[in-house]
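First chain written, first letter: the chains are A, B, C, D and E, and each begins at residue 1.
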Amino acid sequence: MRLSWGCLAGIAIWLVVLGTARSAAAGVDRDKLMSDPGTYATFVVYELDRDWWKLARPARAKAAKEVTDVFGKHADKVVVDMVLLRGLTDRADLLVRVHSTALAHNQELLVAFGATTFGRHLASRHTWSAVTKKPNYVPSLPDDMKATLKTQPEPGPKAYAILIPVKKDAAWWVAPQDQRNAMMKEHTAASLASLVPVKRKLYHASGFADVDFITYFETSKLDEFNNLIINLMKVRENRHNAQFGGPVVIGTIHPVDKILAVFAS
Amino acid sequence: MRLSWGCLAGIAIWLVVLGTARSAAAGVDRDKLMSDPGTYATFVVYELDRDWWKLARPARAKAAKEVTDVFGKHADKVVVDMVLLRGLTDRADLLVRVHSTALAHNQELLVAFGATTFGRHLASRHTWSAVTKKPNYVPSLPDDMKATLKTQPEPGPKAYAILIPVKKDAAWWVAPQDQRNAMMKEHTAASLASLVPVKRKLYHASGFADVDFITYFETSKLDEFNNLIINLMKVRENRHNAQFGGPVVIGTIHPVDKILAVFAS
Amino acid sequence: MRLSWGCLAGIAIWLVVLGTARSAAAGVDRDKLMSDPGTYATFVVYELDRDWWKLARPARAKAAKEVTDVFGKHADKVVVDMVLLRGLTDRADLLVRVHSTALAHNQELLVAFGATTFGRHLASRHTWSAVTKKPNYVPSLPDDMKATLKTQPEPGPKAYAILIPVKKDAAWWVAPQDQRNAMMKEHTAASLASLVPVKRKLYHASGFADVDFITYFETSKLDEFNNLIINLMKVRENRHNAQFGGPVVIGTIHPVDKILAVFAS
Amino acid sequence: MRLSWGCLAGIAIWLVVLGTARSAAAGVDRDKLMSDPGTYATFVVYELDRDWWKLARPARAKAAKEVTDVFGKHADKVVVDMVLLRGLTDRADLLVRVHSTALAHNQELLVAFGATTFGRHLASRHTWSAVTKKPNYVPSLPDDMKATLKTQPEPGPKAYAILIPVKKDAAWWVAPQDQRNAMMKEHTAASLASLVPVKRKLYHASGFADVDFITYFETSKLDEFNNLIINLMKVRENRHNAQFGGPVVIGTIHPVDKILAVFAS
Amino acid sequence: MRLSWGCLAGIAIWLVVLGTARSAAAGVDRDKLMSDPGTYATFVVYELDRDWWKLARPARAKAAKEVTDVFGKHADKVVVDMVLLRGLTDRADLLVRVHSTALAHNQELLVAFGATTFGRHLASRHTWSAVTKKPNYVPSLPDDMKATLKTQPEPGPKAYAILIPVKKDAAWWVAPQDQRNAMMKEHTAASLASLVPVKRKLYHASGFADVDFITYFETSKLDEFNNLIINLMKVRENRHNAQFGGPVVIGTIHPVDKILAVFAS
């Protein structure tokens, strides 16, 4: 995706300004944090208020710099990513994803972010916290399915990110484990065809938010993603989704500085 | 429909101003885009804020010109249409429909639109993205029904557009394909009588929004449209509509410049 | 009902000003429009913003005059009525009912109304469009019931108006016609006792709004109206009301100029 | 409950100012109105806006005086009470209860109240109108229960008021009268133990609001009230409560002038 | 959790200022109040408005001092705690928990708090009042379970607080007591493993709010808490949760002065 937002003037200069700040953000081991169990993630969907746009462009560029400075200061503990939601998710401008080893670290970062000039123009429309775990149902799957599940998604950056919060009904949770295993086997089989084009990550949210799971997807092939979702809706486990979406959060993936530039330029 | 909005003064001059901008909007093959599978559409229902009306008329006319300039710049990739909702859909003023071959193009256009003076006075109340596909159920229909389905809607511009988002329940998706085929056959039969007066277009939204389908209608005969909807509610497939509308979005169809003139004059 | 709103000063003079405007509103045949099938009605529940009350009284009186001027200009096509909701329906101040032979006419009037000084201080909280039809179920009723249904409501102005939007469930629409006929016969029998004290009008909204029917009542005897609603809830057809109210809109009936005076004085 | 709100300064003087106005409020026969069938009540839950607090204290005291003047002017027709909700019911500051023999009188008072300086800073978050009737089910109760029901609540002012709106499901209304009688007998038996500590009043709202009943309670013993509610939830009739609360409105009872003083001082 | 919020400058000085006020807050017997039955608690989830941040830092520090002064004045009757929600619960900044022997005391404190400069910038997004009782189901539990239930949670301050409001369905309340006892036995067994790491407190809210229970948790081990919630969802009693969460309120525990410092610095 070539960034060609209406007003590009000023972005170039502004990126130079950001350069220094980002180079400081090298503390925490991102890959480990993003693959380990026990990582706490907080997802916040933000909407910008109207007064933001009344700030002059230099003030907005300075405010964006303030954000990357804050992110840099917390980079020893917290990994921050952004998804540009504006135009694709209603009443939303950006998704901030925060990962660390403790929910309190996520809060510290988000409080500091909220205290920046930019943050004071943002309202949080949705907030979900969740934790990563070792896969629950994989041990009960047949061996060939386990092998297939090790297929790696195609490497390289993806164009789109989709977050779908999921809440199971009481019948799901009260059902015996072997019934859930059987349904998850069907669910897993329905997703195998999409392992390469669609990257998936599961977070557990029971007790931390009003949903049980945060399912997070990255893909460059939205048609394959649409097929995946339809396939997942066709298995019996779907009868136990008390909530699937509500909201579906969809946007495009870019480096933090490019997303800030959309709002600063 | 003759446009006789309260204050027509100034529209004429303003249309002249718009003339040049629109002539630049000839890049993408609109007909192909609107009939091909694999086209991505984004629908945004916008509401104007009150401060817009505090702008002086020349400032509003200039702001409208800015919008058509932005649309012109993206005309090589994106087709933009508008429906005037004001007065007919609550808390809404206009529907923007964007079509292109990639969701990212739609977002680029909508971000640029949102950054215009006019766009900064708009709040998005609903946003749905979706993709066009080859018809799913037609292959299983009897031959005479297939032949009838090729009936063309009556040509020429239509007065009204109606958008109805639809979400199917889990029972629908989990049912075997032949049961869905049988129900879609009834659904199709119920709609045959309206093929001429009501133009229909179907978009697939699962995973891109909180609904499964965007159904979009254009007609000049609202009584026939009302009959169509009632006929569709009388078939068994209707039992599987977890959401049908919510909201129903209804408005009148006009060229973009005429709709902008309503807000600029 | 004697109008004795807190601040009556200024109403008298203002009514004189309104006199001329109203005398121009004699174009369309109101009685025919209100009794014919094929009439399109749009109902808008409006709430005034707080800034309205910051306008000086002369400015508000001038703004009210502007409204009656706009209504006068559209009087050849559109009939406009108002119900005063303030104090009786939450977050609402007035209901505007518009009738004409085409939905586009209703929109033209409402866009022009919204562009007045008064209209710019109003937010539409609910909007429903609907069409009148010949009664659906009357042909299947027994002859004595048909005869009783011709009973005229008592003549003269009524004090109260109540609008109740109704949405039927899928089971209703999918049921065979004779089952619906049988249930409507019970429904009709339950309403016969209220034909004189309560005037009723039914509008069909499927496809135009998120409900199937707009039921509109006028009465001076609210106790009889309460009995009518309870009687209607006691018949089997009530099981198929997916929505009945939500909101119930209730207010008092006055001439447009008297209602405007409440806000202008 | 001793009133010890943070800033008591100024209340004393202000109460003197109110004295005259209240003495004029002696028109209507309050006891008769509050016990007769056919009395119309309107309940409005109001929230104060933030700008109110920006008014200087003398301006707020003057505004409170304006309110009692308005109440005094309508005292020949309308009884007005207030409950202080601030701190106990979310997004709410006060409940206004209005009783008269006609809904139009209630509206006149509420429109006049809304036009005061204080009223213009209030937003109505919930509005319910309802009418009192002779008890529906008492005639079918056994004689000893009828006798017990005549028990008077303990006299004297109560500390707390609770309003719970109730909507019955279709199955309730469609059930034969003797089934409803049997369930109401259980309901009544479950409430007998609370007749002394909890004062109750029932209003009928079908067709006037989106609920069927307004149940209104006054008590100084919240533990007994909690027991009463739990007992009522344990009888079969509770299965037919489509809505019970939503919202529960809870606050403390004080004379109008003391409640106004909370906002004026 | 080390407090390292972006802007720490000024906190130190400000804490000194707070010192005096807090030393006055020693009236009521906190431990007794927090463990006795018959204690009334009010929980308010507040969101700060944007104008707060426009105040200069000294004005904000002074406003925070005003809050602790108010708390000090009510310390003979009311215990006040705070949880920092900002960043973890959407559209929320802090939870205020108030405990006393009478709901009216809670209201007095909350009204006084709302009248402070800080309070006037807060909107209450959720308010629940509830009362503590002796455990309902413990008497029917087997002796070994009763013994286990006396296990004390690990001492010392906890990092996180979670509030989950719960509403039971009608089937729960109408069920015979022995069925509820049997389900509560399962519920209790499912929670035994978490008695040490997760501190729990139950409040009864029927009739005081739109839920039946407020369940309040404190823990430093969120993974154990997540397991507890999942275990509780797996017992039959979960089928009777008409509401569990909605919202889940989650935040970090700090002394009042430290939380105020987050907003004042």
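Keep this in mind: a contact is a pair of C-beta atoms (placed from the backbone, for glycine too) under 8 Å apart; a residue touches a chain by one contact, two chains touch by 3 or more.
The model shown is predicted, which means the values in this text are computed figures rather than measured ones.
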| item | value |
| --- | --- |
| Given chain B and chain E, the chains that contact each of them | A |
| Chain centre separation (chain C, chain D; CA means) in Å | 29 |
| Centre-to-centre distance between chain E and chain C (centres being mean Cα positions), rounded to whole Å | 47 |
| Overlap residues in chain B, where contacts from two or more other chains coincide | none |
| Arrangement of touching chains [line / ring / star / complete / other] | ring |
| Going from chain A towards chain E, every chain in order around the ring | A, E, D, C, B |
| Contacting residues of chain E [partner chain D, same complex] | 38, 40, 42, 44, 49, 70, 73, 102-104, 106-116, 120, 123-127, 129, 131, 170-171, 173-174, 204, 206-210 |
| Residue ranges of chain D touching chain E (in the complex, touch as defined) | 1, 3-7, 50, 53, 84, 86-91, 159-160, 162, 164, 222-223, 225-226, 228-230, 233-236, 238-239, 241, 245-248, 250-252, 262 |
